[in-house]
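In what comes next, subunit A is part of two complexes: it sits with subunit B in the first one and with subunit C in the second one.
Moving on, here comes the complex of A and B:
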């Protein structure tokens, strides 16, 4: 593993990693074609949102992992930090990939947020004296939006407005709830916030990656001090942006529904995604002898412990969110989970319980399992897959019954492909470990195996 | 340098050899020698945790994880049985009284989701206790005294000196051969500690 040639910790001009970026780029092309050719604008919008947010969570996990390491002045992860930094530095790429989606929402071409976007439009009329017909008409459209999964119920509600005054009342109430949120949920505000989130992430990523890269050259510990002192305030800003982005992009798909822990659930998924991705890239570099012993099984073990911890954390917050809603059983809140149970989604919900918790819990709990690198690698592939399923489960039930379409896979290949083409390309340009970091020596001699 | 502190008298029997070293390097090298000589009942005493000592001493990974896991799962099972008995099942357990189904919040008696928080809590509780008491069992604590405290020099183990002790209970222990082994590791001080009859 210790190759004299590679003591500069660079990918070099030969071998897999020198041209690794071609693979995701080709996949992006194939996926883009697949998605564009097989789906109409509505399905494509949902599929693109799913793909985009899956990659957003990976990138956000990267920002979190870098900031938290500086916040705690940790030395254990210094040698693996460069991989995380490179993933984090893809924030502007994510922003570029998000632009068409944001533009589509702004111009109304992306029909995923119609429920509150239309509520904004009708807001002015609603203040006028009771117009029975208008209200019922609106109620009908809301009910239709609500009932994709069960077409017959939507018919049922719109069809009989006389004999079902109770239902009409409920949908009117429902509509009023959305109406009341339009001060926050309206197209211009949504668009502006989306741009602010992307700017925040891009600036953090640009600053930290830039400083870390400069430290490679000048070995100046003052960069570390600056990054440490900024880590705490930036983590607060980052957490706010993540939480509200989760509200804006995913939770508002069902605007009458709300969950205050939603941002935490997304954050937990992000941490899981970045840890699994880092382990996979790190393992590949390690096996090809590109990082010598600078990244060794002890580092993978540390990352795996964190991965295990965050899988449990994801379970804890996801279950908490679900159980409170199940226990109260208020229709407004239960709708969201109802949609993820009917129309074939029950299978996916169970898959998440067993695939995102039970299986990884039992298969990663022991030290022996985490230190077996082949085992760990297989588990990381699984965890990344199930993380994508998790985001899929957040987005696609809003589009109707469970049916995986080529467009979903294509969109993920496209967004993920472009993002990782950038990440792999960037990995080929920079030292694979932060060679100028003052804590690097401690990280290299970090060999406590418990 | 090497001296014997105590007079051997017939009423006392050897308890352990105590060897003192000045540097972490010296004790690490000495530990490897003792490990390779095949001793089992011996220990290293350092003023601070030393990375890599487990390897130098040839320590096997601890079993505490298995104990914790087993009792954690036992806690989960206990929670399920307890909740099912108290909220769902209709029978008399060990004649302590009848369990009977209770409907809470319109949910079926003993609904699984409402049990999960208790399963979690009891799992953590059992796991925590098993870890603490399992650990105490493995490291054989608490105990009233240990002959190693007979040595006054041993107090420096919490200050600036490093010690290896080999207990007389070790199958390979032999007054002469063990002393020769420890002398060959170059200690700054070597002592045979005895305990009273």
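Moving on, here comes the complex of A and C:
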């Protein structure tokens, strides 16, 4: 049986892992060149947002998985937690990667949000009468919305039964809808919020990674207690930041569109992404004998079960969003899905249904499949790919018809490459399992199979 | 050495107090069904029967007169009947969550409450199912709900979420009853073996299906349990999701929003846990079960309520934010005028008159549970008793708020109509408590209210996963992992 004292669980001189970080770094270089040389600034902006958010979701999934394990005082995941922690600790790297994008939005060089950014300019001399019941205190923006509400008879007369072509009136109404949101959707507020989200994630990640690393040295159970008690409040902060980041970065690409479940959909995708990534890295370490028996097939089975569960959860929330919008058929909501159906996107939508649900559901449902590690590895590669497609499907339809460009792949290689170069480099520096965790022994002897 | 032993430095303790013996567990639980019926039980039973009788009267009057005896009006076509339906079915969510989802997550503490919660699930779903059956006032047409060939060539509308409800609720009821019964089999055998008279022996023996506790029996039992947990898990989510579709597929502001399915599920689990807590606290102290349902169990349940309260609070916040963000004036009207009661005044300059329902809901569902951040509150019986009751009041108001405040002042001021419940509404609702508690009291009197066999695996020193280790180490075993090279 395994004993922690006999091995230090480090990458050491392993032929692959000692220098693994070089591979993503090279890919990042190639991808960066590919993206920079083949696309104009507009397409590059969309491609970069897609790549950035794909990696953001992996990192967010990491924060969630670490926090939830401390919240529930789980022991099963202790020995795989270090991999998740290292991925999570890449939050500042993500922040660095996000900075050019945020700066671009701030200066107007990145045109993905121009629809509401332009409305901000007009918002200043909005001719709606000032509202006399402005008691909501949201800096005038709600007052503006109320102005709309009270003028709703006007909307009602003009907004309906006009056929499909966009009349001048409709265009005006569309602008008014977006102008009413400029209290939230305006460049300074957006930029400020983006920085706050990144700060929140970076601080949580570095606190938890730091404490866990310190516990490696001093084996002090008080670190665990502190991380347990902070997990609940931090999860609330995390959930808020994730939701509004999803609203700001993805939902506002189509500023007239809205969906209350949007944050939950993004969260579900993040959980799927981190579980598949953790299994893949874990499998590689396991196969190369770097973690001994500390991570055993039962741990992979547990992670795979959670992965299966979150794939179902992703399907559940994505279906809820689509079904309710489709069923009600309200034009202002349906337009978002319409964009993901026309212009060649129908194929991608179907690919998500089959690739993100039907296939993994059937191919991961059985215990035999999940315990076949080679099978599991192939499935995790697929799941990560399809997760990227999912984010692609959120972002790129806003840029027009479906056409994969080298810039999309290049941007993903660049952002993903830099991020995973950090992750792999960090894995080479730290013990691969949290050797100081008081629940480690229990996790090492974790053999329950259901 | 057992690696499951509590780690003292982390403040871990055994779930059940040390020194508790398996015999003590069997005694404590079985005794309730064997001792002489307490007088208090008869008193409560008669009260429940009275309430049930009152419902009988209210329903008879309804069937004779039609739905006009309720307060439903135009535009509040759906009022207390569907509020009560959704409320009861929500309560029916804790049982299956505890027995299925918490089982899959290996939450061993569930064993002290699962039986109890499953029984409540079944009874609550029955109370809920009553409302679709009576809501037209013409129960003799209920067979329309099912896709049965009939003489009028009438066929249910499969495009209607109300139709899906019929299937979702019936499936849930069926699976919950089977799951509940299956878990009872080993305990029926225990009661059979303890029986002192022939009638009891025969009756419990009949339901025990010849259970002898053989190795093979347990193996089949465990496997069936796992399969049922797998089947029930999606059902926990599907039922209340389909219920939420009743509203969310419409285009009514306040009903049509995409977060409804998970939001309803979270609310259902929340209210289910609250009612389980309320009733468990009473039974625990009446039948002296403090050693089996420990403060630690209650602590976990309260944490669960806090967690689900936060999820529900998240949904409330999202609805409000998106109502504003949508810049849809009708959406904003429902949230700011009809619910919040301020920010948007009607043409006479008045607040929405049902604002108090919204504040009751937020207070009970979001503010009250915050007390469970404190360990002292989570381990204090009086506090959690009061909080759990307030939560259920809040959850009733949540459904009332969704249903009535979305409709009573809608698009056209000329079509507005205030809703007032009638005496028949109130009697029918009270009557469902009669139905619920009649069944519940029969349950605690005749069936083991805690899963005797399952609790024992949590006794200090029990090694439930010993055979799993052996199975893994045995070459060629079915569950053995593929060795990695």
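We take it that the second predicted complex is superposed on the first by the 402 of 450 C-alpha atoms of A that agree within 3 Å, B and C clash if a C-alpha of one lies under 4 Å from a C-alpha of the other, contacts with A are read in each partner's own complex, and residues count from 1 in each chain.
Everything below uses one rule, namely that contacts are C-beta pairs under 8 Å (C-beta built on N, C-alpha and C of every residue); 3 or more make two chains touch, one makes a residue touch a chain.
The model shown is predicted, which means the values in this text are computed figures rather than measured ones.
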Do subunit B and subunit C fit side by side on subunit A after the overlay, or clash?
clash
Would you check which partner chain A:438 touches, where first means subunit B only, second means subunit C only, and both and neither mean what they say?
second
Have a look at where A:214 lands relative to subunit B and subunit C in the superposition and call it first, second, both or neither.
neither
Kindly classify A:366 by the partners it touches after superposition: subunit B alone (first), subunit C alone (second), both, or neither?
first
For A:225, is the partner it touches subunit B (first), subunit C (second), both, or none of the two (neither)?
second
Once the structures are superposed on A, label A:327 by its partner contacts, choosing first (subunit B), second (subunit C), both or neither.
both
Could you say whether A:429 touches subunit B, subunit C, both of them, or neither, answering first, second, both or neither?
neither
Contacts for A:109 in the overlay, against subunit B (first) and subunit C (second): which applies, first, second, both or neither?
neither
Compare subunit B and subunit C by how many residues of subunit A each one touches, and report the one with more.
C
Please pick the stretch of subunit B from 20-28, 128-136 or 182-190 that overlaps subunit C when the two structures are superposed.
128-136
On subunit A, what residues does subunit B touch that subunit C touches as well?
323, 327, 367, 447-450
So in the complex, which bits of subunit A are touching subunit B?
319, 322-323, 326-327, 329, 365-367, 447-450
Considering the complex alone, what residue numbers of subunit C touch subunit A?
3-4, 7, 9-12, 104, 106, 226, 234, 237, 241, 245, 248-251, 256-262, 310, 314-315, 318-319, 322, 324-330, 332-333, 336, 342-345, 373, 465, 468-469, 471-472, 479, 481-482, 484-485
Seen from subunit B, its contact residues with subunit A in the complex are 51-52, 54, 61, 65, 69, 105-107, 113-114, 116-117
Report the residues of subunit A in contact with subunit C in the complex, numbered from low to high.
73, 76, 133, 135-136, 138, 142, 145-146, 148-152, 155, 176-178, 180-181, 184, 221, 224-225, 228, 232, 236, 239, 243, 247, 258-264, 283, 286-287, 296-298, 301, 305, 312, 316-317, 320-321, 323-325, 327-328, 330, 332, 367, 371-374, 438-439, 441-442, 444-445, 447-450
